[in-house]
């Protein structure tokens, strides 16, 4: 799996609307409205780099109202919880 | 719950060590080694702003090797999945 | 209570007008016209993060003439005066 | 009265200590630990520019642990509440 | 008296025209065309902060062709010459 | 005559000391302690570019405590008052 | 041979289209869609600086959708593999 | 395969030495000394993101003399030549 | 004589055209198309600061296609060759 | 011939000394002390890119006192005067 954190600046009047559209995209798990230099942060989790390419260029950047974006691709992640275990809790 | 995304620049030779120390802090769920202008991104999830203050100033910023950090506090989050449901899958 | 300091750049000809509109928003206590890299600074004080989300995205960023904004969310504040005591001076 | 908002970057391990020292300075009303590009924000309220000069150069900038600071001097402020009235509530 | 130095970026084709309009404003003593990151620098000298507010927001920022401006408000000035003495030379 | 505006960042604890040393340099007429991204602004007025070179490199930049400086050389100035006339007022 | 690495920011909706047009230009060997502050990176390899001038100004910068570009001209390159040898493998 | 372009600023006196050490690292194909804001650019080509993590954190960032680095991870690449074919030319 | 180096960003499609127009201006000796953060660099050599003012504001900045410019005014120059001697070689 | 413009920031107290050392390097024709964001600008003119590599990495960057440098490599230059003709004036 490949994780990416996308930092975005958005048209001031469209923040809630853009956030809603982004979270509906396959591979986007969460979208945060944040304080600071950026307006929105989206968490993307996809099977591989090619899927990331499709999510970013074909879906993400087609959303109106995004003025600038910076995609931080994670090449390694350390997690406190084992996410796979979560899904098998009831198994 | 309050979510925060912490963007960090770290001493080049200490990236893996810092990442490991950060993920051991209470309230930190994941730490990513990322490409781009930043070196590490940590996801923090705590009950309230006061807990965030403690995590950031008493634990996070006491870790050696962090050169600069920028904490993006989320004032709203939109999630695709209902995390609470995950935990009750087996219930 | 959650405090936030909002730094703004505003259309040069609309500074006074924007300042007046901002101070009329619920949760905004003061607006300063300042020297330096920013044009206006607004102090926001609301009950919780969700209220901050509403103030910022539904009221603040709908005001015409704001070119860029950066919201500094305070996760802790230290005050010289006990504000509550002020209100009870005459009690 | 002259108002100023001081944005600061502080040594990571000294944030709480610096915040406490700043709030003890005459003319400083509140100090916020904030998310984003800055670490601390202090609100200064003094009788005139000469008092501001004394507070900033003789007290503020003598505190150890401040790496960089940017003072936003307000040349006008619009307030929702009439602060003077607060003090006379009990009169 | 309050002094302020205003750094400006101006539409390339309007530099001389903007400089002339600025120097005609009450409270502006000199305007310089400068090399470097900025195009024009104006020196403002007014009785108090409220007068500065009027000069900047009601006159300065109403001039067409100013793309960006940054006002450096002086909270203290050290002068080699005693300006008052100059005016009394012939007295 | 050549005018230059020198913007400076100074060691926090040395601002007043540096300002005093700068104003004593021949060719420096005024030094301002300012709010914003810079700490001090010095106004230099010398007969020609070669004199400016001497003032800046042999005197200015030899003062301890200046961390960074940016010299804005004016290639033209528009003045409201005719400075020469001031000196001849009593003639 | 002269190598150059061209870093580009591109209109969000045109990334794939611009990448395809760039790789079709003579002298461009590869185009990468990348995470971080830039959107596309193109590798250019031409016989001399004059050829680089033609590729950049007459072909590259005529492509619609490039908002900003920064060309890093290599004045020396160290390669692990001897590229010439590759072509003679079957000889 | 995952491609990454690493932009670096290096201690001025160590550029040639750092370039040589980098090109000896497994997965680094070429290192360029470049003009502009960066000093060195390294091209990395490895089987997957985990290999990129090892190359960057365990080898790259352990080289002395690198002051700052920014890794642009390619999530898609378009190539004019089919590299695999090159190797089979003589087949 | 006064020397100035003018760094410019230019509309991508107009680089060659702007370069040609600039070199035709009196006082401009050479124009370079360069790699890096800037697109064009022009060398200006004029008798005095007032001539520089005329060249920059009346000729340079009237050329269409210049998006941003930064004029570095030289207050001193050290030359390996004595230019005057060059002109008298054949005398 | 390859031309390059090198923009430098230098230790404040060493500007004149560094300028003198740079102009003595083969291939450096002129060094300017300039106003603005940079301290020194050097003009380099060498036969080819490999010579530029030697001048920059083996001579330039070995000079003490250079804090940061940015080399703008010209891939094309347009000159008002034909420099070669100058040398043959007396022929």
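Per-chain numbering from 1; labels A, B, C, D, E, F, G, H, I and J assigned in written order.
Simple rule for what comes next: a residue touches a chain if its C-beta (ideal position, glycine included) is under 8 Å from a C-beta of that chain, and two chains touch if they have at least 3 such contacts.
If you're wondering where the values come from, they're calculated on a predicted model, not measured in any experiment.
Trainee: If you check the contacts of chain B and chain D, which chains show up for both?
Mentor: Per touch definition, common to chain B and chain D: A, C.
Trainee: Would you say A-B or G-I is joined by more C-beta pairs in contact?
Mentor: A-B
Trainee: How would the chain D/chain E interface be labelled, same or different, where same requires over half of its residue numbers to be shared?
Mentor: same
Trainee: What's the rotation, in steps of 5°, that superposes chain D's Cα atoms on chain J?
Mentor: 145
Trainee: Whole-Å distance, chain A centre to chain E centre, using C-alpha means?
Mentor: Each chain's C-alpha centroid was found; their separation is 46 Å.
Trainee: So what's the Cα centroid distance for chain E and chain I, whole Å?
Mentor: 29
Trainee: Would you kindly tell me how far, in whole Å, the mean C-alpha position of chain J lies from that of chain I?
Mentor: For chain I versus chain J, the centre distance works out to 16 Å.
Trainee: In chain I, which residues are in touch with two or more of the other chains?
Mentor: In chain I, residues 33-37, 53, 56-57, 70-76 touch at least two other chains, as defined above.
Trainee: Going by the touch rule stated at the top, which chains touch which?
Mentor: A-B, A-C, A-D, A-G, A-H, B-C, B-D, B-G, B-H, C-D, C-E, C-F, D-E, D-F, E-F, E-I, E-J, F-I, F-J, G-H, G-I, G-J, H-I, H-J, I-J
Trainee: In their complex, what parts of chain F are in touch with chain D?
Mentor: Interface residues on the chain F side: 12-13, 15-16, 33, 35-37.
Trainee: Which of the residues in chain A come into contact with chain B in the complex?
Mentor: By the definition above, chain A touches chain B via 3, 5, 19-20, 23-24, 28-38, 41, 70-81, 86-87, 89-91.
Trainee: Could you list, by residue number, the parts of chain J that touch chain H in their complex?
Mentor: That would be residues 4, 53, 56-58, 61-62, 66, 69-73 of chain J.
Trainee: Which residues of chain D touch chain E in the complex?
Mentor: 2, 49-50, 52-53, 56-57, 71, 73-76
Trainee: Which stretch or stretches of chain H touch chain I in the complex?
Mentor: 34-37
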